[in-house]
Amino acid sequence: MKQTAILLMHSPDQPGLIATITEFIHSNGGNIIYLDQHTDVDQGIFFMRVEWDLTEFVIPSDKIKEYFAILYAAKYQITFRLYFNDYRPKMAIFVSKMSHCIYDLLAKYTAGEWNVEIPLIISNHNDLKEVGKRFDIPFHVFPVTKENKAEQEAAEIALLFEKKIDFIVLARYMQVISEDMINRYPNKIINIHHSFLPAFVGAKPYHAAFERGVKLIGATSHYVTTELDAGPIIEQDIVRISHKDNVETLVRKGRDLEKIVLSRAVEKHIQRKVLTYQNKTVVFN
Amino acid sequence: MKQTAILLMHSPDQPGLIATITEFIHSNGGNIIYLDQHTDVDQGIFFMRVEWDLTEFVIPSDKIKEYFAILYAAKYQITFRLYFNDYRPKMAIFVSKMSHCIYDLLAKYTAGEWNVEIPLIISNHNDLKEVGKRFDIPFHVFPVTKENKAEQEAAEIALLFEKKIDFIVLARYMQVISEDMINRYPNKIINIHHSFLPAFVGAKPYHAAFERGVKLIGATSHYVTTELDAGPIIEQDIVRISHKDNVETLVRKGRDLEKIVLSRAVEKHIQRKVLTYQNKTVVFN
Amino acid sequence: MKQTAILLMHSPDQPGLIATITEFIHSNGGNIIYLDQHTDVDQGIFFMRVEWDLTEFVIPSDKIKEYFAILYAAKYQITFRLYFNDYRPKMAIFVSKMSHCIYDLLAKYTAGEWNVEIPLIISNHNDLKEVGKRFDIPFHVFPVTKENKAEQEAAEIALLFEKKIDFIVLARYMQVISEDMINRYPNKIINIHHSFLPAFVGAKPYHAAFERGVKLIGATSHYVTTELDAGPIIEQDIVRISHKDNVETLVRKGRDLEKIVLSRAVEKHIQRKVLTYQNKTVVFN
Amino acid sequence: MKQTAILLMHSPDQPGLIATITEFIHSNGGNIIYLDQHTDVDQGIFFMRVEWDLTEFVIPSDKIKEYFAILYAAKYQITFRLYFNDYRPKMAIFVSKMSHCIYDLLAKYTAGEWNVEIPLIISNHNDLKEVGKRFDIPFHVFPVTKENKAEQEAAEIALLFEKKIDFIVLARYMQVISEDMINRYPNKIINIHHSFLPAFVGAKPYHAAFERGVKLIGATSHYVTTELDAGPIIEQDIVRISHKDNVETLVRKGRDLEKIVLSRAVEKHIQRKVLTYQNKTVVFN
């Protein structure tokens, strides 16, 4: 595997931007292997993901960020992040009592499908300890009560920082994340909500869906923001139901949906293909 | 085509009900050509649609309702409707300015796909008059203002009754239907709402969907009740969108979705396959 | 959990059959908790799945089969199978080198979602031995070569019979099953084929799909018959692709599809909701 | 509406191509309003669609083709087509006896959704003459027999050329198109086949789908080539069916699917978003 750099950026739209940046890469010996861009015409915002082979690139890896910032970012008001494919981001999984999402994440991880490390699992319950054991991943239990919530989250944050966790996946974690943790991981906490948001925000969406008599149920994976179930949506999907379903079968049918939607979102995040702005996402192919 | 009777019923669930009713049909010379049933176990309600060939049935068509009411309905607390396949229900279409739904309805009607008559189209605008002409269907314009709304609806109702309209299809009719008309056509006014209800109730759902940054847009066909966009859902479907879409392309993609979802709901209604209870539907296959 | 009996049957269609059988259950103290039926009008075949609570049923469990056979099956030419919900069928999993399907099956099994036992895994390779260990399920390796195939399969069959295996799931098992084994497990070997059958029968369907330039890829779960990839289809689904995909991303996208389609088919089989006839299935809801 | 130019191109992939072409547009006063590109890494082919506002572009419209050919196409081995948004392409519709596809095309056309002209309809039957009348479009009947086929097609071609038809849509036209006509309209004849190709090539795909017992039916829109049902696929979609369906209901369900899939393909073609190579398509968003 050759080393590549991945640039994710957005800026005010302006003529010649693609030409300028591809020329920067090209003229310095970089070979572009991926380029996708999007222009939000109404807002006048330009988004781009470009990845290039560093083999012949004349700017050293650890200088690219600085060069790009000085040569282009300031000039064109570009907000950007730069990644390298040889760094494996560190992902923490938070779970409660349901195992379907975490099993799917770990099966993909174990099979080597994702360029990621999972140094730990955090839970507010003991129920899924066994899952940690099966996959040899440290499983930390932080039982949360009204009284100890702030304290427990502080301990969790300490652990996350100690392990240098880059992003967090809430795999049906049934606890509201505090503002403090969200601010430390902005657009880096991925949740799965078991409804087609914005329908059925909050608790017990399958009960609400059953009550309303909908003909499809959905699942939504989004970044966590301080407003409940209102963060930028990364992925959604639905499955058809009928009058023959009750709450129990909705829950059953929803499980496959939830895990697939969550895994798709996590995969896009790992691949550095998600850009966020104004509470929305650009998800490149 | 042989004459058939269609019985749509629901009742408190009780042992032996299918046996009793199929025996009633069978022992009187009826040949069952369709039977589908559903039991809502939680609520203890039994639903059934049964259709039988009347060729050898010993009870005369015009007496079946009476016989069934006296012999079974009272005894088992059955709520039922009885239809005959040789009656073509009369359907009115209401439109405003957008033509995609009405064209789809009329294309199916003209091709003879539906056992229905469409004696008239009602609109609050002149824009689609031409569509009525193309298909030789009287097109009545009732311009509605705040001041004349009650009066105009009264005139519409008079026309609907004069033409013996059985049910109404709102094919993107951009006017709230008054309580009076709804009460005269309970569960007989089919609307298409351009969102995945209950998300984005009310006006401008595509704008709201775009604002929220959803990854799928939906359409919902439902019976109109006095609460806006809250009636029993007959059919829903979705189409995938992305960050590349703006409100204009959502509207464009939504058109095919809306018309298909509406047509599916109308078809089920015409086939007498929709049962409503407690603001939900049972839709038989 | 109350004990129930499940009757799966088909027979020549004849008037009064539902009435007769529901009356049999009802008059003997059985409480029907599920009934679904289907009539193939063209072929004149009637299919039914009925499940009833045995708590008050006057015929002892171990006599029901005999009574039904003598009282009804002979008379109405009924082909039937009778199951009890308190028997957990024994399922064997066959795998080769890819883990996505088996992980999904075992995650569901371990979470207690399925009324089934999995006493063993069989493989023609060592690659997934670890998976067996993680889930504490005996993992038997039978390396198959051209020379030893008959012998190895005989050993497999011996093991399957010793463990009283009821049905087999081929979770991306990359070996053609011999006629002998198929005949011992008729309509009891469930395969997942990674294409939308009958398109792309045989090896390397993702390569073939890529070559043909299709816009959707599919997966098909079916019972194994002696004709390759031609057995009765239980479940199919698709996922959208585009010109941006290559064989590698098709394989990647296909994995989630394959495992979900296979799991849905296995679940229906476990629930005794699949009936086969004339190389097709009736799959009840 | 401002005048724009649309460039559709492919070429051997080479570094700096996007930069070069966007620079060409930019430095000559063009404002890019759409750019999408795709690189087939395995084949080393680069594809691009770029559209730019001509208001300030210094090269006159009628010279752009020449300038681009001389300055870039030869040098980089670029195959390209150049379009202008103020030209409305001329589309002919071919039909036989089924009206669902043509009604959908004409409803969209009449509503002004497509930048296209439809000067004529051609049929081998009289059945849909009325449709031409309803929409005021000349309807030409060319009854085709084995004996007169060559002659009739020659007359059709003469008419198509006289009316300067740019492309042809086969809206369920039940006649094989001759090689001569295909060669005159290469990748300009769009067909709808009522199956998920390559499954069920040829006649009666719904019968074949029913026989095989599939759980989904599909439709495929593709460019017509001399090999039957084997041309480059533009769009496909599916709809779920079940054991309750027979051939008649498959045909019924397939109608909505066919028309939507065909309309999507036609729309992409009209928008100049389809590129073909090696019997495949690149379809830009």
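To keep things simple, chains are lettered A, B, C and D as they appear, and every chain counts its residues starting from 1.
Assume a contact is a pair of C-beta atoms (placed from the backbone, for glycine too) under 8 Å apart; a residue touches a chain by one contact, two chains touch by 3 or more.
Bear in mind that the values here come from a model prediction, so they are computed numbers and not experimental data.
Between the two copies, chain B and chain C, the Cα superposition rotates by 180°, quoted to the nearest 5. Note: the chain lying farthest from chain D is C, by mean C-alpha position.
More than half of the contact pairs of A-C, counted by residue number, reappear in one of B-C, C-D or B-D; that pair is B-D. Separating the centre of chain B from that of chain D, both taken as means of CA atoms, is a distance of 36 Å.
Remark: chain A and chain B have CA centroids separated by 42 Å (rounded to whole angstrom).
Residues of chain B in contact with two or more other chains: 41, 242, 244. Across the complex, chain C meets chain D through its residues 38, 40-42, 47, 196-200, 212-216, 218, 232-238, 242-244, 246, 279-283. Of all the residues in chain B, the ones that touch chain C in their complex are 15-16, 18-19, 22-23, 26, 31-33, 35, 37, 39, 41, 240.
Looking at the complex, you find that chain B touches chain D at residues 98-100, 103-104, 107-108, 110-111, 113, 134-135, 242, 244, 252, 255-256, 260, 263-264, 285.
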